[in-house]
């Protein structure tokens, strides 16, 4: 990853950017790094452990990154889709950030995993990834190696769909019951940038805020809906969940609907409108009487 | 907090209908002016347009013990606001698929287009939705999600 | 293509030539006819006049048999048989009570899954093949297509062509290289079963039909119903007033057979009362195919 | 703390019969926040309204719930009453216990229970209603009239005489519509053109009317009082400013054999043509499909095939290169008067309608439809007013008229009655008998529907004085038999089949809306029934309004209409529009969306879904003028209040007034029997 380090150094030295957001070696595997001086650029790394989606740091309501000056952001292909989402929803301006695209050949599920992934350790979100060559980037580093085979979510979704409604309900209730409403899923998500989250609204309180299966159901259901056509499929929510709730099954299910009904796939093109909020006169409506 | 209405012992489901003001609400009015008899189980909440209908409404209705929900508005291309129903249709499509996925029986949620001139269709939608939900029985699993069995019994008593 | 075959009584009697020509034509067109084992009366004429349920049951029995013999469709070449079988399907589809009764009445399982095909319907479907395989097309033979009363009526039962303006027979004749003429009486009654009881009526009606066909300049009339054929063919001599030229009456299958180059003998054409020979000779002399 | 007053209406017996109104009032009395709950026989009556005003004063109510009929019926009434009582009108809502309860249920116990539930729900909503101010918007005092038939003409003239500017759009080269094709009109037998053409000229000369002939509405934006209409002026290929209507061009045109639309195909016209002598405007148009020059061009022949008309024109008005032009007009109201077309009897039918092949229309030349007969009978027609049959130009000795062709025939896809056929057939028989003495007119009818002033007398006259033979029954089929047409039918009164040798047959075919009406209706966002007829806002009380404010409907595009009806409707729309224009400002319900700018994250999802482009961008800056964020802002004038934005906003930072989340939330809870 010398290329990455060199690029970062020159960007800082030239003063094109004031801070580089990337990954570095941490006590527990890879972790996000904020590099402000050229000397420190040596700390930057990139391998299959760099699972974090740094786009979330561009959310002004979460980190005041602007205070450090103009940032350069290291993005994997999937992360770039989140950037596109932020552009599409006018949260950032393209010129406010430099994008360093890192060619990615799949990452693991955890930052503590192996530096090289194989069929066993490949994260489900990487299966069939169409963005190993990072789109939208100003600079690109690293070389793409073939993506290993792996297991995605669809098989699991199919399993669930084979069950009866009651069984599925039981499955999800068991999962939602675990939720402590720590909101890690929300905080880590680059697309969750509302001033006030709907679940924190009290007048009226659409979503019960106590960690209780009923409110939890409403919350995770609503979260998935709000992600419809916006989720960049970075899998951060599921990774961040301390209770291990398979949130990406919900996101993926919605993504399937997006593709099946509206022919939409997550994209890094900010010009493509969000399918929810657009329409075609001949949209499918078999479920409407 | 939710008391299931029990007249003559038989289960009388509660259905909440979210309808648009221009087509379905007017269609329901027409059903009235034409004296079309129908099930008494449906309670209408009037909204300007299906575009105004938020998935949160449906979730909350179920949460509050509705055994079924009807969502109804103008036929495609008939929307009083030209495109509200098109946007609603996409929203509902996602909701519909996800709802099935988390295990809520699709029979509990009826989407329909009922125009201002379709009083009879409204009657049919009401009756069919009601009988479907009757067959499915009380929807307690959601409102009582997470309650211990004892509480369930207590709540539905 | 494999299809169940319900000949019905006529095709073993007055309309043997229909049976023969149909078998010959089917073979030539690669249609395999599988006769329904142990078939019985369709309930036409007297049957449906006496008792409704009986008439449905009689027809349904044959469909049930076909079902049991693993057929998905049955061809009923006789217009009356077709009408009866199709009606039975229609009744069973729309009348729950009858639907309930049938199985025990028949002593057979009956799920009403076997489609009933009409001769004309079948041939229209095969029109492209006919066109392709027509080695001796009936060039220029002017044919008046005669539907009669039952073939496309009632629409909800027959359900394969426009009840007021049918075109299927014409399509077949075209495919066989003939020229269908436009005429008026193609859907009038031929007197049907009154051939014996009220011969007078049959002659009056038949005459109107023949006259109209002649004025339209037809060389021959094509039919797809044994009853129509016997009335127009067998009674034709009686219809003639002032020695009009005889008008050959062909079964649609016979015309198709001729076009496919089959021997008239094999098509049973010699069985006609009104000889087709002069016409066929004329055709042949004019070098217009058809020996 | 809310102080709600509930007023339960018996509506005479209408609600009282199946809902125990007293019980409802009692039940709601104990509902938290309700300080007054009474029932009364007729709440909409003056005493009833007085009751409301009085309680507002005495119990100083903060909200009013009237449990009565549909808000579509009386919401305005009671809001006015509340206002009269000193309450903000938008603190008053209606609980629909009539249309949605008493009228659709018989079980009194259940109905009452339901009525109570409905009442509670609305009470809970009203508790959360806030005072709103009506929005006032300016009105553009110009009207757009779509369709230049008799209805459109009447509406335009009445409006113009009333002092309003009128934009009249007609898709054909001339105004006049079907009425200009008619010979005489029932029940007075006065010449159609004689009464119509003066009005056409009046339209053309009226200072307040701007006529766009050979033009169509492309799109309509905006809302009542403030529409913007884009009109497509189709390429006429003749410069309207230069042309003086001398007609030299039409004389020289080499294409002379084109079936004339005006003569319903019985006459011929040239490729550059004026539809009929009295056409308004009297400016020719080139029918590019049939013009030799354009046909050649279409074939890719570069050499200019023909230019005779251009040569003949002394004004140099012929302009082959003319293209469609678009003009936009700002109008405050729209009148739709697009009229009808006749059911085409031929075999191939549009949108799944079945034809009448058995009647041989299109195959037998002497089988014609009603409009064609009008042309034969008309002095300006192809035969100069003589009744001659198309096939051989001989006067027919027997004509058979068939009524209800397409009408009242569900199997053919139309179950409604076309209203005019009975009368015009009676008229046809008279015209025929007057012109062909000793001729025989036979009519096959299902019923004779002659409801209207002088109508019954008229149809009797046809039978008794002019000796038309009326046979009750249908015709099963017809075919050509030599020179005559054999008509076989059944006389249901005599109970026997009849066969008639006719020389000509006239089919009284059904009236259907103009083709493309659906597309137009969608452009205007007005609703239409399954046949394509425009829906009126209320079948009895709002017959010329549509359910889109500011758009009105007149004539046969709403349902089959005869001339008197169409004219009456047209004048009615004019009255409505003038009423609208009588105000300088329009009052609009303040149900519009408002953005909470503190909570708005500026994702502008709302902007994407807003049908009216009412969402604008607003910069939020601190004191020093540093840009903090850009948020959404709703233009209250443009917003129509559909609320799609609110359902779309992830953080619910936009609220639709009158239908806020809090209101709906509390309704949902109330329905579940839990009150917060």
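Things worth noting here:
A, B, C and D are the chain letters, set down in written order, and residue numbers restart from 1 in every chain.
To be clear about the criterion, contacts are C-beta pairs under 8 Å (C-beta built on N, C-alpha and C of every residue); 3 or more make two chains touch, one makes a residue touch a chain.
Quantities reported herein were computed from a predicted structural model and do not represent experimental measurements.
Relative to the C-alpha centre of chain C, the farthest chain centre belongs to A. When every chain is represented by the mean of its C-alpha atoms, the one lying closest to the mean of all protein C-alpha atoms is D.
Interface comparison, B-D against A-D: more C-beta pairs in contact at B-D.
Each chain gets a centre from the mean of its Cα atoms; for chain B and chain D, those two points are 32 Å apart.
Centre to centre, using the average C-alpha position, chain A and chain D are separated by 52 Å. Centroids built from CA atoms put chain B at 35 Å from chain A. Chain centres here are Cα averages; for chain A and chain C they lie 70 Å apart.
In chain A, 198, 206, 276-278 are the positions where the chain touches two or more neighbouring chains simultaneously.
With touch defined as above, residues shared between interfaces to two or more other chains in chain B number as follows: 55, 60, 77, 83, 87, 91. Residue positions of chain C touching 2 or more other chains: none.
Touching chain A in their complex are the following residues of chain D: 598-605, 608-609, 630, 648, 650-653, 661-662, 665-666. By the touch criterion given at the top, residues 61, 89-91, 193-198, 201, 203-204, 206, 226, 273-274, 276-278 of chain A touch chain D in their complex. The touching residues of chain D, when paired with chain B in their complex, are 70-72, 96, 98-100, 103-107, 109-111, 113-114, 117-118, 121, 518, 522, 525, 527, 529-530, 535, 547-548, 591, 609, 611-612, 640-644, 646-648, 656, 659, 661, 664-665, 667-669, 671-674.
Within the complex, the chain C residues that touch chain D are 162, 164-165, 182, 184.
On chain B, the positions that touch chain A within their shared complex are 55-56, 59-60, 63, 76-77, 83, 86-87, 89-106, 110-113, 125, 128, 141-146.
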